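Have a look at this one.
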Amino acid sequence: MSRIRIQVINPNTCQAMTKTIGMAAQAAAGPDSEILAVCPSEGVPSIEGHFDEAIAAVGVLEQIKIGREQGVDGHIIACFGDPGLMAARELAQAPVIGIAEAAMHMATLVSTRFSIVTTLPRTLIIARHLLQLYGFSHHCAALHAIDLPVLTLEDGSGAAQRKVRERCMQAIKEDGCGAIVLGCGGMADLARALTLELGVPVIDGVSAAVKMVESLAELGLSTSKLGDLAYPESKPLSGKFQVFNP
Amino acid sequence: MSRIRIQVINPNTCQAMTKTIGMAAQAAAGPDSEILAVCPSEGVPSIEGHFDEAIAAVGVLEQIKIGREQGVDGHIIACFGDPGLMAARELAQAPVIGIAEAAMHMATLVSTRFSIVTTLPRTLIIARHLLQLYGFSHHCAALHAIDLPVLTLEDGSGAAQRKVRERCMQAIKEDGCGAIVLGCGGMADLARALTLELGVPVIDGVSAAVKMVESLAELGLSTSKLGDLAYPESKPLSGKFQVFNP
Amino acid sequence: MSRIRIQVINPNTCQAMTKTIGMAAQAAAGPDSEILAVCPSEGVPSIEGHFDEAIAAVGVLEQIKIGREQGVDGHIIACFGDPGLMAARELAQAPVIGIAEAAMHMATLVSTRFSIVTTLPRTLIIARHLLQLYGFSHHCAALHAIDLPVLTLEDGSGAAQRKVRERCMQAIKEDGCGAIVLGCGGMADLARALTLELGVPVIDGVSAAVKMVESLAELGLSTSKLGDLAYPESKPLSGKFQVFNP
Amino acid sequence: MSRIRIQVINPNTCQAMTKTIGMAAQAAAGPDSEILAVCPSEGVPSIEGHFDEAIAAVGVLEQIKIGREQGVDGHIIACFGDPGLMAARELAQAPVIGIAEAAMHMATLVSTRFSIVTTLPRTLIIARHLLQLYGFSHHCAALHAIDLPVLTLEDGSGAAQRKVRERCMQAIKEDGCGAIVLGCGGMADLARALTLELGVPVIDGVSAAVKMVESLAELGLSTSKLGDLAYPESKPLSGKFQVFNP
Amino acid sequence: MSRIRIQVINPNTCQAMTKTIGMAAQAAAGPDSEILAVCPSEGVPSIEGHFDEAIAAVGVLEQIKIGREQGVDGHIIACFGDPGLMAARELAQAPVIGIAEAAMHMATLVSTRFSIVTTLPRTLIIARHLLQLYGFSHHCAALHAIDLPVLTLEDGSGAAQRKVRERCMQAIKEDGCGAIVLGCGGMADLARALTLELGVPVIDGVSAAVKMVESLAELGLSTSKLGDLAYPESKPLSGKFQVFNP
Amino acid sequence: MSRIRIQVINPNTCQAMTKTIGMAAQAAAGPDSEILAVCPSEGVPSIEGHFDEAIAAVGVLEQIKIGREQGVDGHIIACFGDPGLMAARELAQAPVIGIAEAAMHMATLVSTRFSIVTTLPRTLIIARHLLQLYGFSHHCAALHAIDLPVLTLEDGSGAAQRKVRERCMQAIKEDGCGAIVLGCGGMADLARALTLELGVPVIDGVSAAVKMVESLAELGLSTSKLGDLAYPESKPLSGKFQVFNP
């Protein structure tokens, strides 16, 4: 089997989180996979709402273009809102996977209903909309927010991590769920330990997405270029978006 | 009643379409309303897919910021995919209305089921997803595409307009619908004449959105700043996005 | 712009509530609009269930017929269950708007999810069915009842109004909603003050409906007469319903 | 087992159809059941839209009141739109069954998906809304209208009946359905013969409703008077509705 | 009216529960009906999950085959998960009714929303899936489990019965439901007394199913053999399944 | 990375199809995976309806038990109806994947909407129910049946394969889909060639499931044993099912 190069895009500009995500991806990757963890050079330091997502989407697309030129075998959008996912699928030749969809899909394979644990309450609506679009609303038992900003996951204090753990335990006790989906790329390194400690599948989208990209690559499947997700119509972009012109 | 200033944002960079949209907005506006028709200085010349939308969303947000600084009373996103709508609602103080949602809402008020007539087939999926998110899937009888690029609406030949008219007539005959929703900002000037000729409501989202913004302004209602649509979290954007920093 | 005459129909026979509703409508109306606040001469003094609605629907239709003969430009059904809405749309030439649909539509334009505060618990099922039919079930965070009869809103004590205010505050605190929909025509005069006090959009359907009728009238849109909402089939009604015969 | 008295209410004022319906009910009734076929003394001669339904609902409720005073063991609303069903359940002590719900429920018990054959196309929207409210949208393969007025079923020519038969055969051939639901009380006498001829269940709501009322009566079950369907709040009705006062 | 023979299949092998179910069926049966209460000779002693259901389904089908050879007029699957229902409909000539569907259908006829009270929490997911497939998710206010194994209903202590009663009372108080559905065949004998005591319809699926089979039989309706539920394709089964070969 | 042993269960007893499936699984498997292709020793020679599924489910469970005793790392149920999936998840310690769910999940990752091509029309209802339960109804553009029995795929004539190819081409042309899901385990060997020839993703569930099992195994995730999918309650099975006793 040939080498699989996977571009893991952290949509925010936080280097620490890019590293966390990259390491989680590497840990999940198969022996034949190479992880290229990147983040946009310009954008938002963390993603905590629709505005942040809209800005981050451009950086995601810039990285998709770079990755495509590098001939990577797949792209991962490592933010739980899957910002720019459909646009990225248009732009890319290789498969593109969002970590929210990856985690949600995986969760339905090992449980009948899952709960989500994320950072700020205001991002819950983004998860709700994704559940609806992906078709998983009825598979979600409950949504939880630890009510701490995303970057507290990178402050080294462990406070956010402790809150995530507490909420997972609470969810398991009260929600009637069978699995937990971690709702932030910055939580990627917590899944394995929590799965072992809590005795239920705790699913991180980054590692889930790595396996999905590997799977698609190995099956010879890629984003359909027929119809809805065909390459963008050819036309000149202007100003700061000229980077996307051929 | 005080003056109502409405910023109508054409998310693409086509001046001709901005003019078409602006005139349709003006024709719909009340005597106390002032229409500010704008488009991004940089971006895509037309919006025909998710990638185009993602790029256009940044230009929309730049205009939202400008409009907010100008103290406008409402913003309209004049592209049928409502690109950047949620992000714009976070950024804005005044109400923000997308023309797809405006047209769909209006259509449900005058008919039990409506059909949509848009440009390229590949944009139908965007309309489908909006119908799902807004809750109107069961109100939509059918979706049609004339299979011509958006900018043929501005080429002066009238060919696209004739195709729109034909598809409306076909939809009325075959779909069991009671109204037509025009699925492109560039069709904004066709609605009144088609309504009169065809004898059924043919609804343009631009004029519908103008009335919705006026309505909200006159009722003293604006985007909720509690929770999901609160202003973006305060943090420095980098590079070409620094324009959004305070 | 020509004068817009709007018939606001309070479906119950309570004169005090008709006055409350008429004043709220007048306060929302544009300078070119004229409000005709009416109620049936015969029927139920308040509407607190399906039976009351079925009786009230006949009075609504009688008023629609009168309004149509007067050549009004739009009709409003000012009871939160929208009694007789579809039938009224068949009978009317001008647009007909129910206050439940008006408030729900408006709420989705300024928030991602809204809560409803109404009077008796037994009317919640009516709101639930409307949410389902209109497509807004997923936009509703929670439903609340103050558990007081409708007419306590008109007893001058202010007790019902205080309970409404308390429930709004509770909903804002607990539901994760971004806006409140007031679930009774008799609450129409509370919306503006509560919006200001509570800092979130508190939406009254009467004023929302006034703006929708004005909007449709100004856009030259009216109820589709193609198919589902065509005028009733011509046939003689008997007995007390002969008033509907031509 | 004691005698079961079932009031079958034809909501329109057509005596011929009342007789058709009554005979179909009698044919379906058990040996211990007594059928009381009635229709309102005042109202519409046939029901072909929402307006007709709203008028007919009052007559239905008048009959419910009479039936309740007579101590009947159950009521049937024998029009496919189930006009006034919820209101009737509030007013009645005994069970109330609509023939649309009865036929739809029965159809799901003998097939995975059914098709509906009704009279005028404009009534299809009523069936669609009922499917949605009852939860059966996904059980309905297709809806058909023979495009003839309801009363042609009673003109003695047999033309409407032939069209119903043709449409049933077409539905069986094209829809992928396993059963047919007849969408009009006036088709009640066709079901048994069509079932035998076509070899698939062809279901008439009148006879289905008779069995449901008998079933509930024999099980000692009746409309819940807890909460949503409690008796109407006590208050004086005025004018022509005083008949409902105690 | 000719005699109706109804085969009531308890899918587990517990004789005591077969007797309980048989007696409940007999109590519900009409004077012309004969109840044949059976259970598989081999299988699981109680059904408390998907595995138990899958095993029990074979026993159900064996009994269906026997019942068909006996020429019964209908079959009932008396376990709340309706195990093997679709397969049984293929195999049977006569109607087949599951007690979960029977109870749920009946509950929607006498209330707007019902609650379910069942045994082990792990079986709730089975009820959820049935609600979704049958279309009744929105009719269910809440699901409750007494957290006792199925067979405690047959231990003679009455403890399980007391817990059922308590949960019904709690549901009535807290859920906003209008009726209760008992979620286990072993609770069949509790419905009538609880209905009387609690003053709301408490519905047992066994008796509900008996009435549905009688209804279908008397209407001359049976499982559609067109398409989806046609007899199984003819082919030889091997090993222990040869009993199904002709 | 340690060796991954995957048990691929063909639920029918056809050795030829077991071989086809096993080879497709092997072709998809990673270098560290070992495929154990098995089928029940007793059961049905092909699965073409609910009855066949119910019988096959027992054989699936027997194989799950054997696989568990062998300590396999995952199980695949290689029939497009996913027979016994939930029961298998209860019984297994390792992950269990059905090929219908696997193919549907994969299809949503590379397209916005997919079409399904299967064998007999009567099995379409099984696919419809799975789409509904899994949440993918809105992702499915259309369902097609080639109207040939399952085993014609193994008769060596290639006729069924030609029909599958034709239907795929028709679906691509008419459905507005972006991918094809092959709806039968016996089509597993067609996916790669059709993907290349038709230029759109043609997805076989067997290979998709292999990658999912490998993914879960490598992530250290397995079926949740908390709640809904816990091991079956311990109790003695009787007769031919004693094989399941410990």
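Per-chain residue numbering starts at 1, and chain names A, B, C, D, E and F are given in the order in which the chains are listed.
The rule is short, and it goes like this: contacts are C-beta pairs under 8 Å (C-beta built on N, C-alpha and C of every residue); 3 or more make two chains touch, one makes a residue touch a chain.
Computed from a predicted structure; not experimentally measured.
Visitor: Considering only chains that satisfy the touch condition with chain A, which of them also satisfy it with chain D?
Guide: B, C, E, F
Visitor: Where centres are the averaged C-alpha coordinates, which chain has the largest centre distance to chain C?
Guide: Most distant chain from chain C: F.
Visitor: Same or different interface residues for chain A and chain B, judged by whether over half of the residue numbers are used by both?
Guide: At the contact between chain A and chain B, which are copies of one sequence, the residues are largely the same (over half shared).
Visitor: Find the chain most remote from chain D, comparing centres computed as mean CA coordinates.
Guide: A
Visitor: Could you state the distance in Å from the CA-based centre of chain C to that of chain E?
Guide: 44
Visitor: Using Cα averages as centroids, what's the distance between chain C and chain D in whole Å?
Guide: About 30 Å separates the centre of chain C from that of chain D.
Visitor: Provide the list of chain F residues touching at least two other chains, using ranges where the numbers run on.
Guide: Residue numbers touching two or more other chains: 86, 112-113, 121, 124-125, 132, 137-138, 176, 227-229.
Visitor: Touching pairs of chains, which are they?
Guide: All chain pairs meeting the touch criterion are A-B, A-C, A-E, A-F, B-C, B-D, B-F, C-D, C-E, D-E, D-F, E-F.
Visitor: Once bound in the complex, which stretches of chain D touch chain E?
Guide: Those in contact with chain E are residues 1, 28, 30-31, 86, 95, 97, 101, 105-106, 108-113, 134-139, 172, 176-179, 192, 195-196, 199-201, 203, 207-208, 211-212, 214-216, 218-229.
Visitor: Can you check the complex and tell me which residues of chain B touch chain A?
Guide: Checking each residue of chain B against chain A gives 13, 41-46, 48-55, 57-58, 61, 84, 86-87, 89-91, 120-122, 124-125, 129, 132-133, 149, 227-230, 232-233, 235-241, 244.
Visitor: If you look only at chain E, which of its residues touch chain C in the complex?
Guide: Interface residues on chain E, with respect to chain C: 112-113, 138, 176.
Visitor: Quick one: which bits of chain F touch chain D in the complex? Just the residue numbers, please.
Guide: Contact set of chain F toward chain D: 121, 124-125, 128, 132, 137.
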